[in-house]
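Letters A, B, C and D name the chains as they come in the text, with residue numbers starting at 1 for each one.
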Amino acid sequence: MTAAESMLKSTPSEIGFSVDELAACIDACFECAQACTACADACLAEDMVAEMRRCITTDLNCADICTATGKVLSRQTMYSADMTRAVLEACRAACALCAAECESHAGMHDHCKICAETCRTCEAACARLLGASA
Amino acid sequence: MTAAESMLKSTPSEIGFSVDELAACIDACFECAQACTACADACLAEDMVAEMRRCITTDLNCADICTATGKVLSRQTMYSADMTRAVLEACRAACALCAAECESHAGMHDHCKICAETCRTCEAACARLLGASA
Amino acid sequence: MTAAESMLKSTPSEIGFSVDELAACIDACFECAQACTACADACLAEDMVAEMRRCITTDLNCADICTATGKVLSRQTMYSADMTRAVLEACRAACALCAAECESHAGMHDHCKICAETCRTCEAACARLLGASA
Amino acid sequence: MTAAESMLKSTPSEIGFSVDELAACIDACFECAQACTACADACLAEDMVAEMRRCITTDLNCADICTATGKVLSRQTMYSADMTRAVLEACRAACALCAAECESHAGMHDHCKICAETCRTCEAACARLLGASA
């Protein structure tokens, strides 16, 4: 059981989602924020850094959006479906864009391969919650 | 001229927006992130804190989304219209929700009144860029 | 193997730390950022919210500092020992303060108990890296 | 009067600092977070990006630490002198390091020149509050 799941099970707030799916999405957001930050850093260290510019920017943007989304989802007191949907849609889009960019370098750079997988996991977790909150 | 505008005028990247409108939106995002953080804190200090729960959560969520948006908009190298649109739509929605919540307390709490105005400014700045990027 | 560890093993940068200890600290920072965000939210939902004000503020501050620290530690390209030490010392202090505050409510609120443990883990991970980088 | 100053004047919390100096430091932190984010992006767009790696990493780290510091300083409810000092010391150090790095490129890149000035302003504002809280 991750910390996110333990925390959801100990809050007095009512949770508007399946606790499992919500915890999985929160964990995916924080993991994606980390992986994208690290991928931007690894791309910056590559000899071919000039060709990694788009990947660096996309990673940094995805990291910021995933961080915000992980925090918004961690707040269930006075939950707003509209706020949640807005940030989940942005996060799903950011992860899809970042995954596509990293996939295009996955054959050459392992950090892009791992980051792309992390983004796809987060994209799917956001999609699941969006389905659940529809 | 704000730092955001000076920075946009000194980057070698091409800017996909009117520099004035983009700088105004970046400034509005950071100002809104600050005001929402401070409003959550001021609500927490109110005697009637139990009645300010929704405002606190909304403020904290809006602060996180505005912070992410201000950073994404500050990155114009290898600009992605899709990434930008995704985060602007989330930010416009978050600011509209937070403004509405704060406006409902504006007669009683000056911090909510100021925060609501800051959110409306940011909402409008996001809408302008979304129109521009349409 | 967490994503943080996989990413460290795939970067072309030289790592100035034991990869295990660095990955453990990065993971602890992101986990603590999540737990503190969730604990602030759970405290806000408590009937006795007025008595949880200090815990809420401490949680929110610790979450912000852990988020920044987790990202700084994820960047190893052109690593700066001074930058790393500065942020690790702030994070260690923030986690110690937040752990102490949460421990004082741990008998009453499970979310504070879990959050305190997460903070102590992060405090120890920061102390280990500070020892390593001394 | 900036939003930060208006917010401080409308909170029911007692402020442990001169409101002018605290508002100036909050504003400096958010402005520095923006400038450092933009400078990293502008460095990434330079033809000589491979030589700007250290500046990019330093900018990104400074941006994260300034964002956290601006938010911590915006919270005055149940103010903790220890938490505040910890984050101010990290921010002062980060701004000093980033200013020195950007100054070394200031003759060549205007974005580094502006960013260095913003960092020095933030460094001084943190030092002033640290003096005040000593």
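Assume a residue touches a chain if its C-beta (ideal position, glycine included) is under 8 Å from a C-beta of that chain, and two chains touch if they have at least 3 such contacts.
Quantities reported herein were computed from a predicted structural model and do not represent experimental measurements.
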Chain whose average C-alpha position is farthest from chain D's own: A
Angle, in degrees to the nearest 5, of the Cα rotation that carries chain B onto chain C: 180
Whole-Å gap separating chain A and chain D, where each centre is the average of the chain's CA atoms: 27
For chain A paired with chain B, centre-to-centre distance based on mean C-alpha positions, whole Å: 21
Contacts with 2+ other chains: residues of chain B: 41, 44-45, 53, 56-57, 60, 67, 71, 75, 77
Contact set on chain D toward chain B in their complex: 2-4, 6-13, 26-27, 30-31, 33-35, 37-39, 41-42, 44-47, 63, 67, 70-71, 74-77, 109-111, 113-115, 118
Complex contact set, residues of chain C against chain B: 40-41, 44-45, 49-50, 53, 56-57, 60
Parts of chain C lying in touch with chain D, wherever the complex brings them together: 53-54, 57-58, 60-61, 64-65, 67-68, 71-72, 75, 77-80, 82-83, 86-87, 89-90, 93-94, 97
